[in-house]
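Each chain gets a letter, A, B, C and D, in the order it is written, and its residues are counted from 1.
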Amino acid sequence: MTTLGIGIQVAAMLVGGAYVLAVADRLIGGSGSNVRSAFSYPVKRLSFLMLQPVTTTERPDLAAWILAPSLLLGLAAVGAVSIPIGGPSPGGDIPAGLVLFGAAMLIVLVAVFIFGWAPNSVLPMIGGYRFAAMVLSIGIPFSLVVLTTAIPAESLSVGTIVESQSSLWYLLVQPLGLPIYLITAAAIAFWGPFDLPEGTDLAGGIVAEASGARLAMWRFARAALMVTLSLMGAAVFLGGYLGPVLPGWLWTVIKTAVLLILLALTGRTMARIRVQRFVWFGWVVLLPLALVDVFVSGWVAL
Amino acid sequence: MNPGLLSYFLVSAFGIGAVVSGWLVFRTDSMLRAAYWLMVSFVAVGAMLVVLDAQFLGLILILMMSGEMTIMAIFMIMFMMNPAGLNPMTMVHQHRTSMVAGVGSFLVLAWVGVVAEFPDRPAPAVDPTAALGEELLGRSMLIFESAGVALLAVMIGAIALAAKRGRFGDADAGSVEPEIDVDTGSRT
Amino acid sequence: MVGIGAALIVFVALLLTVGAAQWVWAATGENDSTVPERVPFAGGAEPEFHAWNRFHIRYYAMALLFLAFDMEMVFMYPWAVVFVRQGLLALIEMLMFILILVVGMVYAWREKSFEWD
Amino acid sequence: MIDLLLVIAAAVFGIGVYGALSQQSFVMIMMGLELMLNSAVLVVVTFWWGTTGGNPSGQLLVIVILAVMAVEAAIGFALVTAVYRSRKADITEKLRRLRF
């Protein structure tokens, strides 16, 4: 697998997945839209935003504002590179892929925080602080449940973890893993019930001052981040490219799409909780559950 | 050992990145930028570790530092009068002494690094993470467990120092031990 | 090395291209905006001070706890790799380590560090 | 290669020394300390890679340095918070004695 091949694969996954996510979100949550218009909605919305002027505020930190969407998109792509899509790739395998993924997902905090900081406006700044509180409280359970899948595989490489699920998916071996992963992943992508940094109670939060191409880039980068998180969920819990009859890459696409649609569904139907409640929930409920998951899975793997 | 030309190029590039961003930490007025320049320095060093076949250590360094630097930025905003550096400021003392100390320590250490002869025993190309795990659970188990105790001490110490609700009431209200109020004087 | 090299190349390429595009858009967009248009939104409130101000986050005790607990992840990655080979020994050692840290968490929970008003 | 890496580490260390000595703000001093630890990580991995034949103790030392960083940051921030509470001071010049 060459670098160019990996790049094209990742780009195709991210763009296609972002489209699926946007359509699913529109079908589930759009008000008064028929089914056919939902399929053209992402394109319409993108061209609408691209034609809008890019507004600015008084004395913004322009460098940070320009950097943040590109950084978010870059992190989503780096996370996706660590995941095999079409099948085992001996050359392209990253031995510590799980750590690379975890590092990329933690730096999302940096991208979102500087995006909130940049416009020198109160509401985005509060959104940034909120997101910091969220990630600091669920970052550890997120890494823990992903790490738990490395125990039976005896490797930090995502390819090896996928291969080790040839007999049974880790969804069935570690039933606690996927729910915790999806909750924390939605929080890291500030999606669904956990879109507190962008909440309507903050009048848009971190995107309150963003418009035009900048907002379009940010939205796309966030959708790409959701795709990366779903790809990882599909790879470590649902067996990735493993499956009968169909080619490997199609299995990856199907499983990722299922997770994306699931996240779109829960994102639109669950009730939001306050950030204080969420911090408490992350430390007192999710973290002990993730530790239980680690030790029970370890016991089973013995 | 014979590292390839690409390794030399990557190490030089990341090295320049680490040094320049480390220098910018103390040259910018914005506290947020200072914190994130420091993070860039750590990421550059982490990338160098990846080039040196210590992939796990390099990536874990980046993972640790991204969280730590955001916390650092938040604390800077909390404690600085002028966190964004909207007015230029220099908050330095003993500038010349520090400059001399910095340059001096660089020269001494670089001289040692260049002049000293080191044995040439490169690391074998096996999975170093597994070796680290064996070391952690076997010979160095005591280090590992005492790190746990140290971290416990840090947690309790940090909370005891920083928590607003002290044992004797809120920190804002003094949080001091109530004086012993025993009436020993003569009754009137 | 191809995989991690690809990660680096993809990251740098995206950062440069998307950053450059953003810069072009920002440079072409802000010239014609007037001063009232540039006032921060802030829910319509009058902007009396910069948002880059001192801000008292209420969760600093939780943030410090994260710093300490994050270290536990560093020990856990190599542990997970050799777990099956080491067997019960690994399980017990890590259980000890985690139980020590859980004491700190219980203390933080009792001190109400995860809650603020 | 080892020479190059050691010179880079020395430069990072020198910047760290400068920062830790020259800055007035507590948090900026901590940044200087972190830079010094950063260069220590680089030196340890350099020797692990080049001269010790991949002795796993070298890797363990890096992890211990990471733990030191976490400890330093957490206790440092906690101390700054405690000092700020009682003194309303965030720079070293305002502290002549360290008791309440």
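Keep this in mind: a residue touches a chain if its C-beta (ideal position, glycine included) is under 8 Å from a C-beta of that chain, and two chains touch if they have at least 3 such contacts.
Computed from a predicted model, the values in this text were never measured in an experiment.
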item	value
Chain pair with the higher count of C-beta pairs in contact (A-B, B-D)	B-D
Inter-chain centre distance, chain B versus chain D - centres from mean C-alpha coordinates, in Å	5
Whole-Å gap separating chain A and chain B, where each centre is the average of the chain's CA atoms	28
Distance between chain centroids, defined by C-alpha means - chain A, chain D (Å)	33
For chain B paired with chain C, centre-to-centre distance based on mean C-alpha positions, whole Å	16
For chain C, residues contacting two or more additional chains	4, 50, 52, 55, 57, 60, 63-75, 77, 80-83, 85, 90, 105, 108
Contacts with two or more other chains, residues of chain D listed in rising order	63, 66-67, 70-71, 73-74, 77-78, 81
Overlap residues in chain A, where contacts from two or more other chains coincide	59, 94, 99-100, 102, 117, 120, 129, 132, 136, 139, 156
Touch-based graph of the chains, sorted into line, ring, star, complete or other	other
All touching chain pairs, where touch follows the definition stated at the start	A-B, A-C, B-C, B-D, C-D
Touching residues on chain B, where the partner in the complex is chain D	1, 3, 7-8, 11-12, 15, 18-19, 22-23, 25-26, 31, 34-35, 38, 41-42, 45, 48-49, 52-54, 57-58, 60-61, 64, 68, 71-72, 75-76, 79-81, 91-95, 97-99, 101-106, 109-110, 112-114, 118-124, 126, 128, 131-132, 134-136, 140, 143, 147, 150-151, 154-155, 157-159, 161-162, 171-172, 176
Parts of chain C lying in touch with chain A, wherever the complex brings them together	2-7, 9-15, 17-19, 21-23, 25-26, 28-30, 32-33, 35, 37-43, 45, 47, 50-52, 55, 57, 59, 62-63, 65-66, 69-70, 72-73, 76-77, 80-85, 87-88, 90-91, 94-95, 98, 102, 105, 108-109, 114-117
Chain D - residues contacting chain C, complex	63, 66-67, 70-71, 73-74, 77-78, 81
Chain B-touching residues of chain A, taken from the complex the two chains share	59, 61, 64, 94-96, 99-100, 102-103, 106-107, 109-110, 113-114, 117, 120, 129, 132, 135-136, 139, 156
Contact set on chain C toward chain B in their complex	4, 8, 50, 52-57, 60-61, 63-75, 77-83, 85-86, 89-90, 93, 96-97, 100-101, 103-105, 107-108, 111-113
